[in-house]
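Both complexes below contain subunit A, partnered by subunit B and then by subunit C.
Take a look at the complex of A and B:
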């Protein structure tokens, strides 16, 4: 179960299952955005949370090969790739080249991001000479998770995954900068925080859920800035915040209980035990 | 030269100085960035401790995120025509809450993942450090968002920069994190964490993780490191960030666009010269480290 660095990480939940949850959950959430102005943004945010959990597991698998301080770095890099892929994907879908096919935008964003991630990983191995066996697969996965999480939150704020809407409401006012850095932190933090010889995948993923829902709460707060997102007088920001806060409390409590259970000992005062040097 | 704009630039420089000092002390209390490696290594070297292990990315990513959250919320509230001081305060408060949550999760995660070395999870050490971490974090975020707001406010009709507030807050957050990590970490409390080694000898790799775990009375803790760093590390980080913000705008406000570029180049050359002279002076006067 541990991931001390230098080898493949053991896992209780298969990476394929998390990949399916991330991709299917993320895409369903984003595609449900136009449903209406109350539930659409909620589903888009939940899709982004699924993608964050998937991305956290991918980071865990690749970083267990001894990346160390490189955990935040690969998060940063992959989120950049994800944003480039996302914008290219939805822009291409709304261009005259694919006129009438804007619906393929999210899938195109995911595919382009993963392909870009793959190319960067191949360059890192062939040119830079990194010797991580699963670098290609994991970089592609993190970039894909980044794409879906950024697009999910962008769609939640804009109320649509249409490029023109996202350009006006998300990129123009600079919200995209927050989504970039907030999602970087949410995706790389769980494994970075739990790094150590007694790291455990289930505990790390509980933290990933907590980080995802916490990011959702932030999105809920800033959604106040888009007054169009209301349905029958109920603002979408209220619903996103309630669900986000509820999800965060559940996962945070699970993470804290798991930490108490797995700690060598939990003390509320006093000194450490005497050990053999 | 417009005196009002110059006054605003001076105010921004002052806010940046306070932000820098607070940010460095906050991250030193949390053992973020460089001190984190030492605290992380200690249990496997047989030194159990009561320090905070706040492994939240690096300082640049972390402060980019906190400042981004604070700045974006302030931006949303400003667009709703809420009083700027209130908008900035609410933004900084939410950013601080997120900082505190990430501090708790990273400390618990890292300590629990070292359970095989018998390192206990000291909840009192964590809780008593959260107040100072939140306090310093809030001051830093308030100042970053405050100075970013001053940049985008159209004083005399035109703002100092055309970037939107969320983007500026993220950029200044990353900049401050980078300065705290580089300038601040020169005085990051390694002397404090390695107090039982002779002063001035640096930290050889063989000694890494062999940190001082006991204080004058009882266990040494993260707040002791914060107190130590408040003397040099914090103020130096503040001065560095304050100068950076002040000179970035002062040169163009006083000398115009082209004159400002030339003045900027002159300042960089002057700093290079002063650094070279200072290093030469220190090496000549104190010489190499002797056994």
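Take a look at the complex of A and C:
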């Protein structure tokens, strides 16, 4: 059982495995972005989906202790931490302090976000007095997932993880605000929707996958706004949309069938019954 | 702007935001069912509504001295929180049919009217009584002014940097200011355990630890903003 307040239920997939998938998948996706104008953005957004699944699992672990403020609050906070950390990280990598080392940008973004998340969690525990044993680890993990997912989608849209490109193509026109809300919802919604007495990790993560791919579809649609992302006449937006829609259909079907299977019984759908009992 | 002023302004702004949250009648899920006093949603949503409107009005005062920007932010946030509370009260009174009353005090400290008689048994009060409304306005004032100060600090901190062109200015300053606003409001929200009625609530005494943690967190975030200014520098030319 994983109702808010009791701590997480047993998990079929270990948190370490999801952490590895999130970090390695996210970083590989982001680092493959400059490879090609068609497949680069696809890999970057797939990396962001890996990070979203990791973040959802971390939210599930921490929010099952009962934060008192609702599940979305830690999502919004961690995404804010992730965005500030990401911007500082890729900015630092492109600065004169680390001249020629802009390749460390994504790793620096991940590390700085996790550090800021850790600082905030330590304050919440030591000064505010929150009593959640895994608060530090989970806040840092969610912040790291937030950083990789925002950077992944930004890199997919800009076609590069270089700070100058992201600044002019993503932050200037305000797409970053869309990524902020989009990724917050994708990371916090799965557990917020599934929590309760019959919560189960695999079902929550199926919804997380569906949310991640749905966010990817939206990235695919807005990538139409960057006409530079084409290769041999095929726009990257088309590929991202096809893969995103395919992934969403697969995960959403799995999620719905898991919900039907795990429900005690599905008797009433919200509509009035035709025959009175 | 020198780094010390930048850090100080972001810290003061963060403290004002964190302090402001303690004044806002956040009711959470119980208030949504009219079984607790306050607006029926969490801090994150109220911060998104009132805080972002405050940032918009603060940004509309760009180029003015810092106190005008802070006041601009305060006006926007106060207007939004006031409208939220009025609309919530309309729904509570005419939709749910309850009398706005607080269970935390026997008489309303502002109007002096009895509260106890009107609280439905089994609930912790409902709706937004006068004291909560006034407290909420004060919260909007503090939070909005804090958000305005943070906005001012960031936009001044970037000013004069090579890469800080007008095309990226709005987006960059806005997203960093929104981030700092959300982090501070959620830390303050942890401090009140998710719900509070206003300055008359016994939980309000915890404001000290909330302010300290928001101050320290803002200081760290200020350092991150400073790192960001180093990175914005070389774009588009040699520093």
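Everything that follows uses one rule, which is that the second predicted complex is superposed on the first by the 260 of 277 C-alpha atoms of A that agree within 3 Å, B and C clash if a C-alpha of one lies under 4 Å from a C-alpha of the other, contacts with A are read in each partner's own complex, and residues count from 1 in each chain.
Note that a contact is a pair of C-beta atoms (placed from the backbone, for glycine too) under 8 Å apart; a residue touches a chain by one contact, two chains touch by 3 or more.
What you see is a predicted model; the values in this text were computed from it and never measured.
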Problem set entry | Superposition on subunit A - do subunit B and subunit C clash or fit | clash
For this session: Figure out whether A:119 sits in contact with subunit B (first) or subunit C (second), or with both, or with neither.
Result: second
Exercise. Of the two partner chains, subunit B (first) and subunit C (second), which one does A:127 touch, if any: first, second, both, or neither?
Worked result: second
Exercise. Is A:214 touching the first partner subunit B, the second partner subunit C, both, or neither of them?
Worked result: first
Exercise. Of the partners subunit B and subunit C, which touch A:19 in the superposed model: first, second, both, neither?
Worked result: neither
Exercise. Can A:80 be said to touch subunit B (first), subunit C (second), both, or neither?
Worked result: second
Problem set entry | Which of subunit B and subunit C A:92 touches, first, second, both or neither | second
For this session: Using the superposition on chain A described above, determine whether A:72 touches subunit B (first), subunit C (second), both, or neither.
Result: both
For this session: Scan A:167 for contacts with subunit B and subunit C and give back first, second, both or neither.
Result: second
Exercise. Looking at 8-16, 62-70, 116-124 or 224-232, which bit of subunit C clashes with subunit B?
Worked result: 116-124
Exercise. Intersection of subunit A residues contacting subunit B with those contacting subunit C?
Worked result: 69, 72, 75-76, 172-174, 177, 180
Seminar exercise, completed: Residue set of subunit A touching subunit C in the complex reads 67-70, 72-77, 79-81, 83-85, 87-88, 90-97, 112, 116, 119-120, 123-124, 127-130, 163-164, 167-168, 171-174, 176-177, 180
Exercise. What part of subunit B is in contact with subunit A in the complex they form?
Worked result: 40, 46, 48-50, 55-58, 61-62, 64-65, 68-69, 71-73, 75-76, 79-80, 94, 98, 101-102, 105-106, 108-124, 163-168, 170-171, 174, 218-219
Exercise. Tell me, which parts of subunit A touch subunit B in their complex?
Worked result: 69, 72, 75-76, 172-175, 177-178, 180-182, 184-185, 188-190, 192-200, 203-204, 207, 210-211, 214, 218, 221-222, 224-225, 252, 255-256, 259-260, 262-269, 271-273, 275-277
Problem set entry | Residues of subunit C that touch subunit A when the two form their complex | 28-29, 42-45, 47-48, 163, 165, 167-168, 170-172, 174-176, 178-183, 186-187, 189-191, 193-195, 209-210, 212-213, 216-217, 220-221, 224-225, 227-228, 230-236, 239
